[in-house]
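Comments concern the structure below.
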Amino acid sequence: MLRFNSDYTEGAHPEVLQHLIETNLCQTPGYGTDEFCMRAAGLIKDACDAPNAAVHFLVGGTQANFTVIAAALRPHQGVLSSDQGHIHVHETGAVEATGHKVLALPHTHGKITASQVAAAAKAQKEDDSFEHIVQPKMVYLSHPTEFGTLYSKEELCEMRKVCDEYGLYLFIDGARLGFGITAESSDVGLKDLAKLCDVFYIGGTKLGALFGEAVVILNDAIKEDFRYLIKQRGGMLAKGRLLGVQFEAMFTDGLYERIGRHGNAMAAIIRDAIVERGYEFMAPPVTNQLFPIFPCEVAERLSREFAFTDMGAVGEGYRAVRFCTSWATTEEAAKALAKAILES
Amino acid sequence: MLRFNSDYTEGAHPEVLQHLIETNLCQTPGYGTDEFCMRAAGLIKDACDAPNAAVHFLVGGTQANFTVIAAALRPHQGVLSSDQGHIHVHETGAVEATGHKVLALPHTHGKITASQVAAAAKAQKEDDSFEHIVQPKMVYLSHPTEFGTLYSKEELCEMRKVCDEYGLYLFIDGARLGFGITAESSDVGLKDLAKLCDVFYIGGTKLGALFGEAVVILNDAIKEDFRYLIKQRGGMLAKGRLLGVQFEAMFTDGLYERIGRHGNAMAAIIRDAIVERGYEFMAPPVTNQLFPIFPCEVAERLSREFAFTDMGAVGEGYRAVRFCTSWATTEEAAKALAKAILES
Amino acid sequence: MLRFNSDYTEGAHPEVLQHLIETNLCQTPGYGTDEFCMRAAGLIKDACDAPNAAVHFLVGGTQANFTVIAAALRPHQGVLSSDQGHIHVHETGAVEATGHKVLALPHTHGKITASQVAAAAKAQKEDDSFEHIVQPKMVYLSHPTEFGTLYSKEELCEMRKVCDEYGLYLFIDGARLGFGITAESSDVGLKDLAKLCDVFYIGGTKLGALFGEAVVILNDAIKEDFRYLIKQRGGMLAKGRLLGVQFEAMFTDGLYERIGRHGNAMAAIIRDAIVERGYEFMAPPVTNQLFPIFPCEVAERLSREFAFTDMGAVGEGYRAVRFCTSWATTEEAAKALAKAILES
Amino acid sequence: MLRFNSDYTEGAHPEVLQHLIETNLCQTPGYGTDEFCMRAAGLIKDACDAPNAAVHFLVGGTQANFTVIAAALRPHQGVLSSDQGHIHVHETGAVEATGHKVLALPHTHGKITASQVAAAAKAQKEDDSFEHIVQPKMVYLSHPTEFGTLYSKEELCEMRKVCDEYGLYLFIDGARLGFGITAESSDVGLKDLAKLCDVFYIGGTKLGALFGEAVVILNDAIKEDFRYLIKQRGGMLAKGRLLGVQFEAMFTDGLYERIGRHGNAMAAIIRDAIVERGYEFMAPPVTNQLFPIFPCEVAERLSREFAFTDMGAVGEGYRAVRFCTSWATTEEAAKALAKAILES
């Protein structure tokens, strides 16, 4: 059984693992105050061209999401999100558990638009009962989205403009960011994100780390006392240097981008087979997640040899599925799947 | 200016006020442990034919909603509601502030169906990632709904059946219940609610009290330690007997139902004029809230003499509005509005 | 049985009730946006000599406490309080339910000192693990305290100084404030509080209202969006004008101070008897709450004719009790109790 | 500089690291549903002689604490803890952020007694205002405590008895459990804990893992839906098998106990020197944490060569400090410190 059901089925990329092994016996202070974390933060600030950013390392994505949101919002404020946003549908109400409402907007291929956000913010402000309605204060995007799609630089600039107009924070969940910034069709890099966002994070878990997300805070209002929030919400690792060690490896010799490009390249092999065979997609195939729509019997047959995620029925006799590639996907495996699709 | 914009523009019904005046100098213990509260609870249990119910008096509806929800749910559980439900759109995220997600379902005239609830509960249970998704544990209905519509006994029985099948609590927000149980078209009374719900409340604020909602708990699992929750969430009135005094008045000599019938009768006068004049409604006009759709110029003209709520544009050149009647609406006022509509 | 067990055993002071009766049929908008609330806020701002204060009316004290705290603090911040503070011991964890820790300091007669606060703030700042410790951000005092004692102007000025030094908000719970500002031994008035606090509230429930507390916010940082918080936490009364009506009555013709003085005068009658008979007090008797220490058999004998609160054993053979007077305590009742004490 | 300031200054024990390396390329499903986690849970259930226990792996101790507490308590319930308990003083209010109050009891050498717990539970139940007071529902102990001390089996049996009498859960934080169960003076093993507790956890982070705590739930009431809570509170690791892999290593060939014994043995070398030199301790020295009291100049001199934690002044001219040993402490390092102490 070859696994294409997620980008976290293996351990760490060998270069990351190697750095963990080499540094295992170093003695450091705990909780992320060590020199590995400091160096990794420096590498990330350089990559983002954001010397004033605050960089914090957290263990996982859900944790990063709710910690950022808890740090940024007052109790009566909520976060605008696609109705397929990870925080809205796949985190067991973690954001609500911090007391904040997720204000869902209908998505298109996982994305929401600046004009949707503007309309929502405007509607609340103009309602006579505005104080009875949760105040939108943050926009949450994922990039790539839950459907593997990407925002263009122009779309993000428009979003920034709307955020400025309505006093909203722009927060980007980059759990799969490495696949986004290295996608052929993308014009958005780390430096753009650092210019356009108030806060975003660079996903490690899905890009070859054992675990770890690097939160990059640009807006001073969110920086203040952020480490208290990390500790309170359970995200402060005792042996915090493990996060620094891993991100140091990922931001050395372009490893982070190499991993992203590899995943995208493996996905492209599969994508090309899907296109050639004439199947359609639920969403444009631009990063390491592909959402083809197969006749049910094809999906069934492929599932005997390959592990992937079922996305549900699409019309009569068809099902959408998700294939995911990663640093660990071999060309051999990708070609085996491509071949099976072509022959389906 | 005659006000039809809500059912709480005046103080208390004279019989309620009279009882408050008469009892003003009585000395009682605080916090709802007095004999007025005990007697009022008894009257309500009788009216519901529910001798084992626990009856608690809270000050307001938002408070009643989040206190019940906080008492009933564990942290990972959420409450299914119409996407127009009061808890979803008009309580500034009060439910989320207790840590729980409101799981919104698309409404029809303010209502949701048993099959929508069943589909949502089933989808979560069958999802491979079910532990990553908020667990539906309660259904929240308002009766009458935010659009003045009502559930039939048959609809509530189906809802109960689905709730039993999926282990869900059924909770009914009866902020305007008096107008519901006395509506001509309704076959649902207090005794039916006490049989079908796990918990519901009987609204006082909109039915002639200065304030006050009587929460009726049928399910033992929700009864336990409920008063702790009332205190913690700010709903425990020091001079708690004020709630008992008012509900005692409302459940004496059929006052509660008299008030409901009066409001509905006054609304019927206005409704008949709207129908006669040939205007349509956003939702069937069956209780004290009416949602006619007027040509913009008619809405504008009426607003010079009458206060009411604008519900927004409906197609080109039309606006929906809301008229609300109450115990305090005089026949004179209702007829004046009816006349103005007929002549519009 | 004559009741001295609390200051909320009766309904409203006749002048307050009269104003409620007179205004019962007025039509007003809801939620505290009416002219009664506006006028009452104006009267309070005048009395405080604080034209820029924001004045909000809430139903009860617990509600006022947690709403202010939720509005003022970020998630990792806590509130310093006496270990006998109402928020620490008698609100069922309402503050913790908003997510904030109460940081308890040992009390003396219900009070804490500026130097205790300074030491706590300093210790946290200087601890190497400061990010692992809740950050003190607010000082909560009650005035009068739970033991009926009062802060002097000098003590409050020192507290203010420490708050400024450590960036702490000063919040005063004035549930019984009327008895404090009219106490013979007090040099602290409303204008002093408005100068020294960031926020405080003027209690109505225990001073002759049916219910109601007027929150006075001086610090702009706490003012912002405060009404959203009131709504979210269940404190926004639909018929909000009831609060305005009552506070208008209480701040007309000096009623609020008259009530305070009356309660104190009735307490003084009882206090003098206790002193004359030679009993001691748990805390200096300066307002409407008295905490004498009686031989057990005296306490037992008095309890047959008078209702009061038992405060527990004090050494061998003695018990402390609490007597409470109010606007409704008659001279006759106070003298009856005094007589019984003298003859005990 | 030799570090004795904590038991998490290095990475993983070589046998743990080796197992991570060997399994790095295995493909497994995520979120702890893999076979490593299943096997590790089996090994732990065997070691605890608790076949019906539910075993869950979380990343860190703060996370384990608040997830267990959030899973077990209703909103009005609190957790009794020593006033030096980790949840009370060193987790930035993480428990309060879940909405629950920590009810602090004065400690003796980090411990609280069954009779203290009984008194607190009894006082709340018997108070007339019991509904205004947080309801104690859980007892939180750490074993070893924050001062390195241990409960005896007899003490835990008494605590269990009191918990049964008052309907309290018994929860033991075993962040350093390995040092406790292998201490010479201890008669409490894993099987005892599994018999006496409702829930406890076996610390990995401080016993040679990179990270990880194994929560062992014995009481069915706490087992239900626990994984939802883990996900919601940020404790569900995507590559969850990393936890299983590490605990599999630690529970193979007695590694967990070997590590505990080693840490204790290294501490004993230092302890003996302290005793021989005639210094006193803040708390009995029985596990891997030692709290000697040194003359200030001795503490100062030692700090030039050794890293350790200052615990503050103890009387005139003396300071308490903390030394911590771990799997990584060499005999050489321990002897160097012992020598320095003897020569001080």
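We call the chains A, B, C and D, going by the order they appear; numbering starts again at 1 in every chain.
Keep in mind that, in the parts below, a contact is a pair of C-beta atoms (placed from the backbone, for glycine too) under 8 Å apart; a residue touches a chain by one contact, two chains touch by 3 or more.
Note that the coordinates shown come from a computational prediction; the quantities given were computed from them, not determined experimentally.
Touching chain A and chain D together: B, C. Greatest centre-to-centre distance from chain A is found for C, with centres as Cα means.
Chain A and chain B have Cα centroids lying 42 Å from one another.
Centre-to-centre, using mean CA coordinates, chain B is 34 Å away from chain C. Averaging C-alpha coordinates per chain places the centre of chain B 50 Å away from that of chain D. Those residues of chain B in touch with two or more other chains are numbered 75-76, 91-93, 97-99, 131-132, 228, 231-232, 236. Per the touch definition, chain B reaches chain D in the complex via residues 31, 70-71, 74-76, 98-99, 131-132, 135, 225, 227-229, 231-232, 236.
Chain contact summary for the complex, chain C toward chain D: residues 75-76, 78, 89-93, 96-102, 104, 128-129, 131-134, 309.
The residues of chain A lying in touch with chain D in their complex are 3, 5-6, 8-12, 14, 17, 20-21, 23-30, 59-63, 66-67, 91-94, 97, 205-206, 210-211, 228, 231-239, 242, 328.
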